[in-house]
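Following: one structure in structure tokens, then a few remarks.
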Amino acid sequence: MSPILITFYFLSAITLASAFLTIYSKNPIHSAIYLVICFFTIAGHYLLFNSQFLAIVHIIVYSGAIMVLFLFTIMLMNLNKEDEVHKPRITRLGAITICILMSVVLVTIFINSNPIVGDELPSTEDYQSIKKLGTLLLNEYMVPFEFASILLLVAMIGVVLLSKKEKTEK
Amino acid sequence: MNNVINEIGIENYIFLASLLFCIGVFGVLYRRNAIIVFMSIEIMLNAVNLLFVAFSTFRQDAEGQVFVFFSMAVAAAEVAVGLAILVSVYRNVGSIDIANLKNLKG
Amino acid sequence: MNTLIAISGLGVFCLIAEIFNLRKLLVPVTILGLLVILGLTISEFNTPELFNNPMYNNMIVVSKFSVAFSSLFIILTIFLVALSGDFYKEHLTKISDFIAIKIFLLAGAVAMISFGNLSMFFLGIEVLSISLYILAGSKRLDLKSNEAGMKYFLMGSFASGIILFGICLIYGAMTSFDVEYIKSLSRSAELPIWYTIGVILLLIGMLFKIAAVPFHFWAPDVYEGSPSMTTATMSTLAKVVAMATLFKLLDVLNADIDYKFQIVLAIVSVLSMTVGNIMALRQNNVKRMLAFSGISHAGFMLMALLSMATAASTLLYYTAAYALAGIASFAVIIYVTRDKENEDIVNFNGLGKTNPLMAAILTASLLSMAGIPIFSGFFAKFILFTQTITTGYLVVVIAAVINSIISVGYYFKLILAMYTKEAAEDKKAVPFVYHAVAVVAILLNIVIGIYPSLVMNLLN
Amino acid sequence: MDVTTILLLLLVGALVTYFSGDKLASKVALVFSLGTMAVTLYLLNSSAQLSDLSFYANWIDAPKVALAFKADGLSLAMVLLTTALTPLIIFSSFGNSFNNSKNFYALVLFMAFAMTGTFLAADGLLYYIFWELALIPIYFIALIWGNGDAEDRKKAVVKFFIYTLAGSLFMLIGFAYLYTKADSFLLEDLYKLNLSATEQCYIFFAFFLAYAIKIPIIPFHTWQAKVYQKAPTVGTMLLSGIMLKMGLYSVIRWQLPIAPLAAKTYMPVLIGLSIAGVIYGSIVALRQKDLKKLLAYSSLAHVGLIAAGCYTLTIDGLRGAVLQMIAHGFVIVGLFFAAEIIYRRYETRTIAEMGGIRAQTPRFTSMFMILVLASVALPGTFNFVGEFTVLYSLIQINIWFVILGGTTIILGGYYMLKMFQNTMLGETNTKVFADVTTNEAITLVVIIGFLLFFGLYPKPIVDLVTPSLHQILETINR
Amino acid sequence: MDKTLALVLLLSPFAGFLFNVFFGKKVSKGISGAIGTITVLVSFLLSICFFAQLNQNGKPFEISLFDWISVHNFKLDFGLLLDQLSLLWLLFVTGIGSLIHLYSISYMHDDENMHKFFAYLNLFVFFMITLVIGSNLLVMFIGWEGVGLCSYLLIGFWYKNQSYNDAAKKAFIMNRIGDLGFLIGIFILGMMFSTLNFVEMKQALSAGNENTLILGAAALALFIGACGKSAQLPLYTWLPDAMAGPTPVSALIHAATMVTAGIFMVTRMNFLFDLTPYIQNIIAIVGAATALVAASIGLLQNDIKKVLAYSTVSQLGLMFLALGLGAYNVAVFHVITHAFFKACLFLGSGSVIHGLHGEQDMRKMGGLRKAMPITFWTMMISTLAIAGIFPFAGFWSKDEILMVAFEHNKVLWVVASIASIMTAFYMFRLMYLTFFKDFRGTEEQKHHLHESPSLITIPLVILAVLAAIGGAINLPGNTWLNYFLEPVLVTKHEEHTLGAHEYMLMGIALAGAVFGILWAYSKYIKQAFVPKEDAEIVGFSKTIYNKYYVDEFYTFLIVRPLNSLSNFFRTTLEPALGKVVFSFGTVANGIGTQGKKLQTGSVGLYLFAFVIGIGAIITYLFIAK
């Protein structure tokens, strides 16, 4: 077993475990922490692929922005209690069954599928440096890039719209 | 540098992403705390992102990684909007238990 | 492409307008702008040099199909914006936000219909969805609106996850997001199974958007809880967009849909019709009823996908007929229920006497949805039936016919209320804009009903 | 000038009536309907070749639909029935006052327009559109201006609408299927189709559902009595006088020639069903307590016989059916009008509350009596000509059909005379019954005159319809 | 010219009808009656003209007025045929019709609706003429139904009495049963011959080679029609009830003319019936049975008109017996004589009823001989005629029937003879109860007893004379009628040679009649027996008195089941059918109601459904093979 493989299994284990614990822990704060761990391990995977830039961005966006937002909300709502009522048992059992079934189905399908012929691509070509990504993003993907700004704009207006108190009009 | 994916095997990443995705789905179904449900959805998105990068590396193609940026933008926007809605629900109901949202039915 | 840029520009203009306190002018100017954009779009229709001409790296593909549908979306948006002026007059401070979001929603819609790259598609659908989440929850003090927004958001982002997973698998198989590339490759090479799964997941995500059974549960709740204006948007514009995109995806991704998938489509279609219609029978809330009616119409539209070769024009016609009727009916519904607590059918009692014109328009639009000639709803269904029979799905057509019959039951419940019950209140004045929108919409509906070639020939 | 003039005139008439205001509406409608009748008569006499009156224009390219109106003896006879009955029906309503009468009369004219279109259309889809279009006005007429308890009425009318719509939607499937075969909806092209026996069978029954419900043939008749009872008399007249004939006409024009093999295969069943309707309708009518319902069931019995005639696939059957359609159209309008005259005075439709009217109103009694006699097909009335021909066609198929179908002679006499006895005869009623007004008398006299004249001299109508029926028969036997 | 005259002959009563309908109320009753009578008289006179003409040249006269109905294999015109048979009928229809019109002027004078009465009577004559002179079966059918209609109108003339209306309705409907048979007969013949014209059918049939089975069916169907109109078993029950109408109506329609239409039709179609001996047998048997049954019922009736009604049915039975035996001319002979004496009897009874102000029960009569001598004597003559006493008209015609019966079948002869004896008995019972002994009515009635006015007595006298001497048209040895009818009959009538055999039969018949008379005499004059009150009648007499309960039997067998079936259909089957048809809607609504419960509002559930949906689709597409 190569070190890479070991690293992969290790990271994967943590990813899955922390993801599971995110869902399973009763305290939302704990969930958030587990989620952060999960995100970090995913960043680890990115690093494993040698895409450092993406890993950084990932950490900044998810752990930095999204998780902060989550935590902020949790704090705001004062949710750090463990008093959540569970769904009825039948629902929970159903959820477990369905998810296991679904994983089994997906995995079965993928196992049964034709093995991908791993054609050796020349590893010399640069495909994931910051420069390459930047060029790609601002040339070919210029339109979606701009469009993403509209997306963010919409989200921004939306959030303002949803939270803004209305002035009673004259 | 050797392609990492060839060593680990793309299938493994597919399995990992699938499992992660399923865990996300499981969370959505399992919990009734809206914020945890959101988190589960984030896990799902991350699972997909992971797979994107894996494919990108496997194919030696940068587009997948570009797409991840968009996906992140979307995730951020969604979370922002979702939390805004969540907050206004919380203000009105005083709870973020999705099982309590049963006024509309029938 | 120009359309998309112009629309985005218009959206930004709306935001800027607020800064300069141009709120009163906002609606007319926006409509004017949309009309100009409509003209621009239509002018593209007969300029083949734009087609198949890769611009912006094939991110946006302009074709007759996309232009036709874009025009339809713009027309619908014009109606919706026109109605907004009165609808949001209580929230004047926010009106530019509302309008801007609607315009961006349109931008998302246009991106969805004219995408040349799956990233555009994904961003488009997200812009559309996020706009709708916001609009659904926009009545922040209203519990129902909150609930609707919450439910829609939860389920919508879940569906986004599914769609994203699908795209990811497609990418894994194709190494590209470019649809032309995918299209050509999907015909030739031996594909890994991820591709098919990816396609299926993507389509399931779209089925969620059009509210097909069993992914329909959100629709009635969200339609009922959202502000009526949003419901109108969702049931007309959003549904049409999702449907057109679903068609385009099918067309692009899966050059030859295999038989098994057709069976799935047929089953989902029949289920949607049946569940939608049967559930609509016992509803008291008009918006909820129309939500179920929308589910059944989604079923009908899915039927069109069984014969892909001719589906484009059929779908254009059906969606146009359905959306125009929907706009007309929502204009009346919004007018009737604008100062009511809810949208129950009792609010419509005696409308035939207090306001015969509005009652007549609502009747006409319901008849169109039920598929009575001379309204375009009839032709839409008829053409659909003809094509489906040609393809050989007689059973589906028979199910569709039975469903049409059921649907008459609940459409008539509303008509009966208007004409046979006594009104609870006196006649009240109708703002001009409701009349205008309702009349124009239903007239358009009748015009394409009397002369279907107008629309049917566009995409041939 | 061609048949579209009639259609346009009716449509314009409907619009003008709508805009003429409540006071003038009835008169305007009458003028327009009389105008259409005049035009119809003029057209019938103006041209040596009826086919000159046809009209063709393209309408929709894909699917290929044309504005095709075919004028042959059969359709013109039916158009004449429509345009002749419409003024009568409108005129008969002069004694009533309706709320919103402009809407009411506009709807009546619009319905006449749709029905005329149905009779004329030579393109399947166009025909279907008119067919459905005729349903909407009658729905509103019955719903808004009907009588009796609103909830009951609503139920009955909605049932009627959904039921008829249900049937016709299956016809639509039939047409869609035919289109996939012929790539055209034109009557001629559909006639030319070579369908296999199974296909014909499907088409036949898809059409049959629509027609059986509209005609109605048992057991598809359940909507009928209630709707007749609840609709305003004008609506009932339109329904029973003309609209039922749409179904029968369509059997002859569309169902039989397109799917002749199926018609031949299932002939005994179809005739049997129709005749069962005759007997069933008559028996149910025996004990009806409501005058309009009784007339409804009598109508069920009569149209059953007409339908049986159609399905014999003989020239006598078809011709008799057409003659009987016209005759029945007039007589049933007259009878419903008589019921309305009684209602105007006694405000009841319950037979038990009538009786003893004869002494007070000899004129009305005589006219009512003649209508009753015409309805039981006494020789000398037009109805006899039709009934005779139909029965004669039945015996060409099987003697038992004529024996069973002929029971209408006995049972019809029984329930009609019983009804007449209970409504008109007996000790003089204590309630005053004013004799008929001039307007009412004119309507009745016109109907009676028509029935008696053509009863003795049916030749003009026979000569009008026979050639086209022969053509259709040729198509059936192709 | 002849055509015009024929049209006048036909339309004259119709003109009278129109006049009385439209202007009858405005003119005085006398004028109304006079117009009614004169129009019929015109027809009578014209009939005489035509008769004279025909008698001279022997050529039947046929005209076609206009095309009427056409079916695929033939066209029917509206045509008239004036031949020996139709003219014979025309003569006595219009003749007796004129007399009865005349009679009615006085009889109906007190009725407020007299103009209507005359209108109906005129209409009846018009239809009767149509029936008689139609050149094809369908024109005959117009008249056939038309007279039925007039019969309906006239029976229910006093429309305020619902039981009269019931009687009218019953008459009409029972007639219609026969009419259906008639129509079917017409259809079969039309199918076979492609014509309904009598002359053409006769020619076609003489060509031969026809399927006797189908011919038999046609003949049977026609005979059923005749049964309805001529009140034969089993359709006879309407005729006694029809006595609800005014007496002149009973005389004209229900004795002299309309009820003989069946005989006319069978005679008209003799060429058909001759080819179907089975049917002829049936006719003979039905006729004989009717004669016996009706006569036996007549024995015990107490209503003067009912007695006459049953006697009519019985006599019609005898005529059908003759028809069944192929002796058409004999039947026609009896029709004519019967028309005379029965019309006279009815008018006489009308005179009695008139005198007693509407009393019809013989138990309340008696001793009227002195008060109403003319009535008594005319009725006596007619009674003798009907009883078959030499040399009155009835003797000759009835004797011929018995003779024919004897020749063919002894059983039928016995039956007919018994019926004749019964006839003699009940007719004299009628006479004795009415005119002899003492008056049994109220004092007031007695006080008002008077002979009827001359307008009533004149027709009586004329008819009595005819009843006395009418037999002269076909005396043995001077068989004018037989010769006259020869052209229209297929089978030639072989001449009776009056041998000992025949004289013996005559003797037996006469003796039987005398026996009946004596029997009646001993019972009602000697023993002065007066029939008991209804309640006291017991045993078999009660059965007879109640007409063998045939009406009740019909009610039980047909009317009641029909009504309960109708009730069942109306109250049970119709709603049930409606429910079944609309169960579709009910089920859909039910599912909708249940479905609403599924839509719980819980996002969790919705997501579950979502995931299950995905799972199902993927499983179906990728796992399931």
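Odds and ends about this structure:
Going by the order they are written in, the chains are A, B, C, D and E; count residues from 1 in each one.
Everything that follows uses one rule, which is that a residue touches a chain if its C-beta (ideal position, glycine included) is under 8 Å from a C-beta of that chain, and two chains touch if they have at least 3 such contacts.
Just so we're on the same page, UniProt names per chain: B = NADH-quinone oxidoreductase subunit K.
Being a predicted model, the structure only gives us computed values, none of them experimental.
Between chain C and chain D, the least number of touch steps comes to 1. Any chain touching chain A that also touches chain C appears here: B, E. The most central chain, judged by C-alpha centres against the centre of all protein C-alpha atoms, is D.
Relative to the C-alpha centre of chain B, the farthest chain centre belongs to E. Ranked by the number of C-beta pairs in contact, the top chain pair here is A-B.
Averaging C-alpha coordinates per chain and comparing to chain C, the farthest chain turns out to be E.
Computed centre separation for the pair chain B/chain D is 66 angstrom, with centres defined by C-alpha atoms.
With centres taken as mean Cα positions, chain E sits 98 Å from chain B. Computed centre separation for the pair chain A/chain B is 5 angstrom, with centres defined by C-alpha atoms.
Annotation: 37 Å between the Cα-based centres of chain D and chain E.
Contact of a single residue of chain B with at least two other chains is seen at positions 10, 14, 21, 24-25, 28-29, 32, 38, 58-59, 61, 63, 66, 70, 74, 77-78, 81, 84-86, 88, 98-99, 101, 103-106. For chain D, residues touching at least two other chains, in rising order: 162. Each of residues 585, 596, 599, 601, 603-604, 607-608, 611-612, 614, 618, 622 in chain E touches at least two other chains. Every pair of chains that touch is listed here: A-B, A-C, A-E, B-C, B-E, C-D, C-E, D-E.
For chain D in complex with chain C, the touching residues are 59-63, 125, 128-129, 132-133, 135-136, 140, 143-144, 150, 153-154, 158, 161-162, 165-166, 169-170, 172-173, 176-177, 179-180.
For chain C in complex with chain A, the touching residues are 8, 11-12, 15, 56-57, 59-60, 91-94, 97-98, 100-101, 104, 107-108, 111, 117, 119-120, 123-124, 126-127, 130-131, 133-134, 137-138, 140, 149, 190, 192-194, 197.
On chain C, the positions that touch chain B within their shared complex are 119, 122-123, 126, 130, 133-134, 137, 140-141, 143-144, 146-151, 153-154, 157-158, 160-161, 164-165, 167-169, 171-172, 175-177, 194, 220-222, 224-225, 283, 288.
By the touch rule above, chain A contacts chain B in their complex via residues 2, 4-5, 8, 12, 15-16, 19-20, 22-23, 28, 31-32, 35, 38-39, 42, 45-46, 48-51, 54, 57-58, 61-62, 65-66, 69-70, 73-74, 76-77, 79, 84-87, 91-92, 94-96, 98-99, 102-103, 106-107, 110-111, 115-116, 118, 120-121, 123, 125, 127-128, 132-133, 136-137, 141, 144, 148, 151-152, 154-156, 158-159, 162-163. Those residues of chain B lying in contact with chain E across their complex are 25, 28-29, 32, 98-99, 101-106.
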